[in-house]
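As structure tokens, the structure follows; a few thoughts come after it.
A, B, C and D are the chain letters, set down in written order, and residue numbers restart from 1 in every chain.
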Amino acid sequence: MFEVRTDLALESKEKFEEDNVEIKGVRVEEEHISRELHVTSVYIDTENGAKAMGKPRGTYITIEAADMMEEDEDYHREVSIQLAKVLQGMLPERKEELSVLVVGLGNREVTPDALGPYVVDNVMITRHILREFGVYAFGNRQTCCISGIVPGVMAQTGMESSEIVRGVIEETNPELVIVVDALAARSVKRLNRTIQITDTGINPGSGVGNHRNAINEQTLGVPVIAIGIPTVVDAATIVADTMNDLIGAMHSSTSLRPVGEGLERLDQMEKHELARELLSPHLNAMFVTPKDIDEAVKRLSYTISEGLNIAFS
Amino acid sequence: MFEVRTDLALESKEKFEEDNVEIKGVRVEEEHISRELHVTSVYIDTENGAKAMGKPRGTYITIEAADMMEEDEDYHREVSIQLAKVLQGMLPERKEELSVLVVGLGNREVTPDALGPYVVDNVMITRHILREFGVYAFGNRQTCCISGIVPGVMAQTGMESSEIVRGVIEETNPELVIVVDALAARSVKRLNRTIQITDTGINPGSGVGNHRNAINEQTLGVPVIAIGIPTVVDAATIVADTMNDLIGAMHSSTSLRPVGEGLERLDQMEKHELARELLSPHLNAMFVTPKDIDEAVKRLSYTISEGLNIAFS
Amino acid sequence: MFEVRTDLALESKEKFEEDNVEIKGVRVEEEHISRELHVTSVYIDTENGAKAMGKPRGTYITIEAADMMEEDEDYHREVSIQLAKVLQGMLPERKEELSVLVVGLGNREVTPDALGPYVVDNVMITRHILREFGVYAFGNRQTCCISGIVPGVMAQTGMESSEIVRGVIEETNPELVIVVDALAARSVKRLNRTIQITDTGINPGSGVGNHRNAINEQTLGVPVIAIGIPTVVDAATIVADTMNDLIGAMHSSTSLRPVGEGLERLDQMEKHELARELLSPHLNAMFVTPKDIDEAVKRLSYTISEGLNIAFS
Amino acid sequence: MFEVRTDLALESKEKFEEDNVEIKGVRVEEEHISRELHVTSVYIDTENGAKAMGKPRGTYITIEAADMMEEDEDYHREVSIQLAKVLQGMLPERKEELSVLVVGLGNREVTPDALGPYVVDNVMITRHILREFGVYAFGNRQTCCISGIVPGVMAQTGMESSEIVRGVIEETNPELVIVVDALAARSVKRLNRTIQITDTGINPGSGVGNHRNAINEQTLGVPVIAIGIPTVVDAATIVADTMNDLIGAMHSSTSLRPVGEGLERLDQMEKHELARELLSPHLNAMFVTPKDIDEAVKRLSYTISEGLNIAFS
């Protein structure tokens, strides 16, 4: 009845399962690393699958780490190692001297959107050292050439992040781009507990088609891996979801069944009108985020930057 | 059906009006300063009124400034002047040399909670200058003695803000305390558009009774004026409100009436069970805030600090 | 006897005057706007002049504003207007719709080096608005297209600022670049009191010759105006300067004359050895800055951004 | 000839050794923990010693860690353990449940002065958890009750840090206060390489006598341990020191001897006049600090907070 929005391929897939809809062209594999660490791989293989999912073809790997909100250093280390493993499986070809640009998207001034900038703050940057001293500075060990950029947000720069990143790539020619961004989930239960790694990059809007503001292999000319953690839920989504739940509850409860049936009798147009009425336009500019988001974002940014440091060291 | 939470006396009052409940012991006065600037005064005169409102006896003045989210300097100046006027009306007695402690509650690291700290950053602090040079430093003009403190949050200090403020007051003996804090509203439409000024201070929980962690005249021994702007809505509140709206819509629409009637047939217990089921416990730790909250909080903190600077200069 | 370093053309010129050396190819014009506001223009006209001054050919205009360290809003406004006037005199041709990229060099994390980033924070950015809504968003008034970037420092990005800026220019094609940076002066008396505006851009090292890391018209292909305020003095410079002063004092005082004469008898090599011995190598990595640098940098960044907003509105 | 200022007892002592002056009432013990880690204990035993040293009677322990400027985690860990050891030796009596207030002096907005605030950011705060859940929250293990405060600087609060700390102590009654502050050294070689731990607290000015703005056992009524790292040198000190070195060099070099002798012939008054002339009054408001101070202060604050976490866990 009400549409929901999510950046997680895993949640898009779940939505279809809820609705008992089978989609062709999408495969799912699950792996339970430990009681508190699950990895789910969603493969969108065909254009039809992409259209249905509202996300481009490619691989979406989700690490679900139930305790990632906690302050447990060993556990975070375990998650970082898992992230490094997933990343290494996605690298175009394993090279000791890969040159990588790490892009931290988002707004440092808005707590739940600061994930990307914080990750770049903590990644080990080597490019300038390698250019000045060569591998000698690293004990003659082959070392990946890591650079980083925080492009900022359009209200501060007047430019799309994609414009800035494209320019930096033209000048510095990295072989791989890693984009880190805070995501929007559909469910508050996933906030700060899930890492999505995808080889499709960042794709604004519906995510299908060649959008100039996308940050992906098509628009940049080099492979792009996007790493994201959901830190917010769109306020409209949370409201819509609760309404769907309310209606669902009406169907399944005996005493509420007549209510549910009443709703069912509404035609499509009436339903849309009801939704428009209830979802205040103010909600579109709002997000939902946990109260301890400052601690969470700091901790999670370390978990990701540590994963990158392990993957590229 | 679902309870809603708000820090605004104005919204508590409106709730009763929605429900067509008359409360004794509460008076309301409204004043339209201009098309875009309304002032509403809620007076809670009796203990009964306080219990009904869930807020202590006292005066709650709300400045509603519809365009306060916009970047219009003249308009913000107008709001600051109005705030100064309201404040001056509340001062224990107008003195040229009042000594005032401005307390900025909240967490500088969480964008919508940074309002209080930012205000203290921009208030003109004079106490140390007066103590070293006297009024000579201000051209021999009588000058209020302004000090400021940002106590931080309990996770950072291990102490209640009220403990820190009480200690500082014992040492420095101000005649008046101004507490600035970000508030929670019930409606997203009020976010960043409303300033509440009250002589009841800050009262955690239900707000009635003498709570040790309160920051008010009873616990501090000096008059306390609290200034707040709602920057968040509790996620549970927004969901509950939408559900109430949904049910309301069912009543008023012909085609949905049977649905509403079905809901009505639920007894109180069934209704509570439904609410508990739908309101995910995760929501309790979540808030809703506008996406442009960083710009908004910076702008609003200037509007308040400017109001204080006008009131005490 | 000891070399001193300064980013200010004005100070390089003064150095020659101190030493009673005439340099050809360098002209100076002075203008006293008010008792507290002087403008000095240094024109380096020839390659010989450039070599002697250690700075590329071009125009260097210095606004000396003795009270710019004070918190006087009207005075800062006056300085901003003067800055706008100087800038407008340097624009390639006065156009109502110039597209300008403002670059904030420096490190936001090091207080005296945060000037550039802070200026970009406060410049009115219009490019994204013009691209989405056209001049309609500005009441159909012709409006300059302003974008901004804070490239960060090499330790954070692994890239030269010049690489990032070059990339951004290739992508977004501005007609003019304004680079804002904190400078090093020779004299502590100039700190936070002087603005230098030059059409030669930013030129690392000796500043002469086509250095790839320069940010100037030669390397970027568009005119570059650099705006800088000295916020630090190199520690080695301050020590060297004091030693020169000590030796100078010895010459001019009767009782010390024999001492000065003693020093004079040292040959060039002995002098250099003495300097090397006294100037601890630790000093090279040190700078001198005022204790109230945080307030100063915030205030000065507003003065510059306001000047830019006036010039391009 | 020129006076120098230092917060390090070690440097005050060295000064006397340079000048070949014996002071009674001051003892020194040295311990070489490793090639890169030296501990020096200076005991000021008598009032005469205190007057000579310009520092109150008490114990001053200095950890010199030559490589503390480097980014070596293991080495920093070693320093943290050494700091914990020194602290434990100073605790009034070793108790498992000591209640401790950690005070972070300084200005978060001025990079080299942010050490204290950053340390409090990273200390493990337990007081609020113990008060709500008791030792149960720590697996029934006896746990020190740690609270923390960042009082801010007088320009921001209008109050002395000592007033705020005194108030907080009256309200919360800790048994021990740890004050962390950035210090001024005499020599740039000591910057970011030295930790001083003293049981005399913080003593402004000459440091002798009962100053109301002191933060020590006399003024607070509980034991106070101060921990400091020099992050700046006063600009006047560095200049004075270089002049002393210059004059020293003149004495020891054959060719310069006449110069030195010339200086020697100056009487005391002439010397003072020379010093006054050379030491620009501007220098008093200036400090010298390393260019990489942002990284250094972050790293060092972790080293100290880790030491505190070890000492009190």
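The working rule: contacts are C-beta pairs under 8 Å (C-beta built on N, C-alpha and C of every residue); 3 or more make two chains touch, one makes a residue touch a chain.
Worth saying up front: this structure is predicted, and the values here are computed from it rather than measured.
Engineer: If you average the CA coordinates per chain, which chain's centre is most distant from that of chain B?
Structural biologist: Result for max centroid distance from chain B is chain C.
Engineer: Just give me the whole-number Å value for how far the CA centre of chain B lies from that of chain C.
Structural biologist: 46
Engineer: Can you check how far apart chain A and chain B are, centre to centre, with Cα atoms defining each centre and the answer in Å?
Structural biologist: Spacing between the chain centres: roughly 35 Å.
Engineer: When you check chain A against every other chain, which residues touch at least two of them?
Structural biologist: 155 - these are the residues of chain A that touch more than one other chain.
Engineer: Report the complete set of touching chain pairs.
Structural biologist: A-B, A-C, B-D, C-D
Engineer: Which chain D residues qualify as touching chain B in the complex?
Structural biologist: 120-121, 125-129, 145-150, 152, 154-160, 163-164, 166-172
Engineer: Using the touch definition up top, name the residues of chain B that touch chain A in the complex.
Structural biologist: 107, 109-111, 155, 188-189, 191, 233, 235, 238-239, 242-243, 245-246, 249-250, 253, 255-256, 258-259, 262-263, 265-266, 270, 274, 277-280, 282-283, 285-295
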